[in-house]
């Protein structure tokens, strides 16, 4: 880093020190992450490692090193963790390690929160067309996957919900962008509250034809049903 | 009883049969309705049984099937939750709009086709979320497929705080405490009453999609059990007045004892739009 | 992978399969030892690994592989475990006191302070219905989440308590107004529907400014409260 008169030897020296300290930094990073059951943040790594290191690059390198092994170094959010390789689950899985079983409703709510966050409870209800039963959110929050994020700047300032870093860790996601199918859903306009302009439903051609068990609706029927006011007020 | 649903209730029969896993020790008919996560779920199920791409469903046929379902449920005296009835009222309205040829163009409010599109969109969106949920839950999950260090040697908690507590811990402690202290001697009788807030919720949910003058009450009453009609009418009316005051609803009545028409107000639309920003 | 006519390639193929399965066996062993809460016996490894393998040799090999790394595979008796490299214990040990869980009482008091601030100790006790031990407040002060705000202009001039910016920070709140209200607590299933009609949850506003009935805390007060040693050590 300091300018020198003899570039060649100095560079060599620097290179050597760098290799040494890089290997050492790798060992430390490895030990820190390996020792922990929970993912370790890059912030914590930066605190413990020699300063001036490019932590993400270091970790990417380590991650590549472990990629083919039985234990992988994976990133989740801005944290790193060692996890057994997914393809080995059959050897390691014990019967008593069954992950928390979620109800259908809870799973659906979790997916909506994950894909639509930040999302309010009212919006979840709009999507599902039904009230979220008490306790469903509670279950998700207790599991540590869902959290209150903040408040929407709209009248009533409803609280918004989102997922947690533990959610990413549990489902093996590096980041929210890795949610399966996220891009397609976005592209199809299915993550918005509004019907996308390109959303077509072929209108039932068969609509006009009455079914066998149908009689045509008459003006009389309509009046009877209260759909038309008896007088002729269509001209408004 | 079984005879009652024999004909004209094919979709129902399918429902009973396709959901054996829902059966427990309770009477089958009740559970099957309860097995659905609300009216949209039921509609989605019906749509699937049309065995076509969701994008190709006949909304009209779907509405028919749903109304048939509600009809059959009524015949065998299954009590449907208000949500289902509101959806029935909405679909009946939709059906009438689809069947009546468009009268005067240029009227405000969505056409039957637009309403049908809204419904199709909502079904598609719900189905997409279902599929996403399945994909999510089938990922390699920690503690099931993928495992953490079994014998951790340290816990790298944020060094800033020597104490650990999450917002959830905080809030549940608070809620528990307040609940405990609130003298809960209030016995809430299980009366069959539509509360003001129930009615408000239902109206808002429906009116979100209706910006045309609609005699909703009419459709609603059609589908309510007689015993519920008075309370529903009263609550819905009171709630609608409140919504009018807030600018979320407009009301029109042509004369005494005439049907009351309502439609979404300007504020409802803007509030909904504001609420729609994802990611 | 397909069998071939040429015997030489076949031999090669066999060799390859063997290497492959050896690597695979290594991966499995690695994952098993990693995920286990206790050192793993060679007997158990033999059960889970393809039969006919020389387990001790396999493990020795693995152990050699990890020897220079931040994490070592070590043998104790006939059992195997991963351990942080001994020379790196300093990185791991460094003030890794596990964060202490807040007691239920402390959580309650903290929540009351957050929602009801500015609040006096007597008011906290009124809400909780029990006396708050001195230690509870101390813990919250130590955590840096609670502070003395001022004094209420009522007889006895009780000290008022409030939360700190660190509190917001720790709980991921932008402002106090982000604390969920009655409806949201109900909706999340944290409050049951069985609450009296007059039940209400305060909406904490921007409370940094002293309220009308609050006096600022003076140096005198702090000394009185035993928070500052009487001498003047403000210059830190």
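We call the chains A, B and C, going by the order they appear; numbering starts again at 1 in every chain.
Criterion: a contact is a pair of C-beta atoms (placed from the backbone, for glycine too) under 8 Å apart; a residue touches a chain by one contact, two chains touch by 3 or more.
This one's a predicted model, so the numbers in the text were calculated from it and none came from an experiment.
Look at the CA centroids: the one farthest from the centroid of chain A belongs to B. Of all chains present, the one whose mean CA position sits nearest the global mean of protein CA atoms is A.
A count of contacting C-beta pairs for B-C and for A-B identifies A-B as the more extensively joined pair. Chain C has its Cα centroid 21 Å from the Cα centroid of chain A. Computed centre separation for the pair chain B/chain C is 38 angstrom, with centres defined by C-alpha atoms. Centres computed as Cα averages put chain A at a distance of 25 Å from chain B.
Chain C has residues 31, 34-35, 82, 84, 92, 172-173, 180, 188, 190, 192-193 in contact with two or more other chains. Across the assembly, chain B contributes 147-150, 153-156, 158-159, 166-167, 171-172 as residues in contact with two or more other chains. Residue ranges of chain B in contact with chain C, taken from their complex: 147-151, 153-159, 161-167, 169-179, 181-184, 186, 188. On chain C, the positions that touch chain B within their shared complex are 31, 34-38, 81-84, 92-93, 95-102, 104, 107-108, 110-112, 114-115, 127-129, 139, 142-145, 166, 170-173, 179-180, 185, 188, 190-197, 199, 201. Those residues of chain A whose C-beta lies close enough to touch chain C in the complex are 26-32, 34-35, 48, 68-71, 82, 84-85, 88, 91-92, 121, 132-139, 141, 147-151, 157-159. Chain B makes touch with chain A in their complex at residues 37-41, 55-61, 83, 87, 96, 98-100, 103-104, 113, 116-118, 120-122, 124-126, 128-133, 135-137, 139-150, 152-156, 158-159, 166-168, 171-172, 201, 205, 208, 215, 218, 254, 258-259, 271-276, 278-279.
Contact residues of chain C toward chain A in the complex are 26-32, 34-35, 48, 69-71, 82, 84-85, 88, 91-92, 94, 172-174, 177-178, 180-181, 184, 186-190, 192-193.
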